[in-house]
Amino acid sequence: MRASHVLVGLLVAASLAFAAAGAVMHDTFYLRLATEALIFAGLALSVDILLGYTGLLSLGQALFFGLGAYVSALMLMVTPSFWVAFGATAAVSIVAGLVGGFIVQRVRGVYFALITFGMAQIAAKIVYNTRALGASDGLIGVPVININLGVASLSSASPAGFFLFVLAIVILFYALSAYLLDTPFGRLLIALRANESRIPFLGYRTMNARLAAYVIAAMIAALSGSLYPMLRGFVSPELLFFATSGNAVITVVTGGAGTLVGALYGGLLLTVLKSVVGSYTEHHLIVIGLLFMGAVVFLPKGLMGIVRPAIERWLSRERKP
Amino acid sequence: MSATLEYFQYVLAPQMLIGLVLGVAVILVALGLTIIFGLLDVINMSHGEFYALGAFIALALGSIGLPFWLLLILVPLVMLPVGYIVERGLIQRVFHTGDRHVTTLLLTFGLGLVLEDTFRLVFGPNPYKPETPIGGGVDVFGIFIPSYRLFLIVIGAVIIAAVAFVVYRTRLGAMVRAAAYDRHMAASLGVPVQHVYAGAFAFGVALAGLAGVLLAPIYTVFPTMGRDFILMAFTVVIVGGMGSIAGVVVAGLLLTQIQAIVSLYISPVWSDPIVFGIMVAMLMVRPQGLFNRLGHG
Amino acid sequence: MTAPILEIRDLSVSFGGLRAVDVVSFAVVRNSITAVIGPNGAGKSTLFNLISGALRPRSGQVLIEGLDYTGRPPYRMQAAGLTRSFQITNLFFDLSVAENLRLAAQILEPLAMAWRPVRASRIASARVDELLHRFALAGKAHYPAGSLSHGEQRRLEVAVALASKPKILLLDEPTQGMSHGDTQETAALIKSLASDVTVLLIEHDIGLVMSLSDHVIVMHQGQKLAEGLPAEVRSNPAVQTAYFGHA
């Protein structure tokens, strides 16, 4: 656990340095790219809550991510207020999460993966074909907003400012998730993954625990998605496509499922890889796909499976006089 | 009265035929998927890419002048060793871990990504349209059917019947069903389980590849063709019952007919959501599908 | 006249044509140890499944302190004070011994504690320590349950069922696969439980049954064949026939 804290601390420190450098150099491209990486890391976090802890592989988490993005965009075009958009997304995602959770309640394992896959595909198709939502072009023209934080306000157009704001939100999601997983509720989710059949005999209703996990994951995915139109000024059906869900799963598995911090670093790694490989060839999917397969076969605990124990060892060594 | 007959002849029947063509192709692809699941307990997320692989191999071999008839035989033969190697070299590496369902799903998902991008790399992103091997059409009871599509329906039915025959009426099939039911028991009875697994996987992807060759002239060939097709195949497998051959046939015919007829009345855009909706409904109500798994029940 | 702590009335269930449990009735006395015995296939585990909520009966009743709990799901049975252990070890093998116990003990805490850090649940952690000592598992508290020896796992099975301070404890072959020494220790443990809990257990070790139980119920082919004091049951000719074959 300490290793995770070290890693998150490292991430925050590096991000602050990155933001400072970017601000000084008047960079917009890289800061915006990093912000986008963080937004998708939020989605990855929600996948990890389901996969790494409750043991449910969701191949359609983009459903909630896209939902959040569209709700946020629609709200922002009516009132350019961050809190209204964020709040509306939260409310909608709870309802959607409950509905989705009801649909999947009796489903486990591979069937869960396929049903979430199907649900996201249906939603994507519907959005893609709905004129009112911009159809295949999506919604454009989301205005730049000023985020009122009480003591100060920042603009979503400010590359460094918004980057730090999104960083704060994603770290908040991380902290909330990490806290939850150290509560009896969180431990129950872990127990569900370990041996679901025993749980009812301990006095718990598995259905409620699973539903709660599903709704929490839905909320985090949707709220992450809600930040997207603030960054890019538009939303498109691509946000609901399988590629988005798939990327999130790759991020989590490569980073290390069940670690939370793996989702964050995995997202970072994937974005960097895409940029680097993408500058040499269009076919970055081959590289990423191969790396992913390698991770599944050789690193079942993901990168965190190597990094965290190494950090733990380093920490123990530091303690010895 | 004649108005209904005309409606049937010119509107409904042709549409049902289109559905039947798709149905036969979907069944061929889904058969492989369900055999792989029924036997190995593996969800092959790259199955659509093997379907595409068949089409691309046919494209490549066809461009050096090999005739269509030869391709129909050659492509599945080529895909057999490919599938065998994938199973032994890749899937077996994670087969004995605890959460193998998830791991093999993820592994094959990754494989699918790699294959898809490889197609794009080698062949480019644009669709190819191979020539229809049999031109023209025939008149069947007053309904016009393009000859190639009729050929597809017939050959598809023959292959499906052959697979069912092998699985249910031959000794090889009995071994396969025994291994599906209880691998350890089957192994101790002398069934070479490792080879059966690898062979089943190879056979499954070969079937998908064959479907790819057959459908190429109709649906064209492009890198993401597998992704679009696999959704329908998964739906058929789930509704019919994972691991059930009878289920795939029944569900395949049923769902493609529903899709074909529904798209006459509602915008075709909604036919996919409706079909997926059926899958979701099935998973809610009866997750194991309509029929029982291979070797069981 | 107070209702017996557990009463089974005409309980039946069938699997296809097979009558797995066939009109079984008996009452259990509070703080007693009642053993359910019978040849393989007699329906003992099925009976436990019916009582603990794992299976729904086709007919009959399960009454706890006079209240009807027939066909209720397992979590309701736990709320009513009835827990069980399993014949085939059903632990959280990837989790530590302490965590296995804590999960079961957590139910002793108010619901709101579910959202506070685990270490705040003092009642549960006290119970865990108590059980670790009572069941001699303190040395292995942080080991994964899967790494324990068979005998230790069987002990943990019982401890987990006991963690939530039930009124009625169903033990399904607690000494299954244990060495003689372990069996004796477990028997002593079960005997010591009877002051807090009513115990209903399935056992094959006849010696154990004789020395441990206050009351014995014999099942054969789904039906209750006989019941009574251990010595009475042992000398019952019908019981002897059931066990040793036809006369």
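Each chain gets a letter, A, B and C, in the order it is written, and its residues are counted from 1.
Going forward, a residue touches a chain if its C-beta (ideal position, glycine included) is under 8 Å from a C-beta of that chain, and two chains touch if they have at least 3 such contacts.
Predicted model, so just to flag it, every value in this text is computed and none were measured.
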Ranked by contacting C-beta pairs, which pair of chains comes out on top? A-B
Most remote chain w.r.t. Chain C, using mean C-alpha positions, is B
Could you tell me which chain's Cα centre is nearest to the average position of every protein Cα atom shown? A
Could you grab the centroid distance between chain B and chain C? Build each centroid from C-alpha atoms only and quote it in angstrom. 50
Centre to centre, by mean C-alpha position, how many angstrom separate chain A and chain C? 44
Could you give the separation in Å between the centres of chain A and chain B, each centre being the mean of its C-alpha atoms? 34
Can you list every residue of chain A that touches 2 or more other chains, as numbers and ranges? none
Quick check on chain B: which residues sit in contact with 2+ other chains? none
Quick check on the complex: what are the chain B residues that touch chain A? 43, 90, 93-94, 97, 99, 101-103, 105-107, 109-114, 116-118, 120-121, 227, 231, 234-235, 238, 267, 269-270, 272-273, 276-277, 279-280, 283-284, 287
Show me the residue ranges of chain C that touch chain A in the complex, using the header's touch definition. 52-54, 73-75, 78-79, 83-84, 90-95, 99, 102-104, 106-107, 109, 113-118, 121, 124, 160-161, 164
The chain A residues in contact with chain C across the complex are 179-180, 182-185, 187-188, 190-191, 194-195, 197-198, 200-205
Inside the complex, what are the residues of chain A that reach chain B? 51, 55, 57, 103, 106-107, 109-111, 113-115, 117-119, 121-122, 125-126, 129, 242, 246, 249-250, 253, 282-286, 288-290, 292-293, 296-297, 300
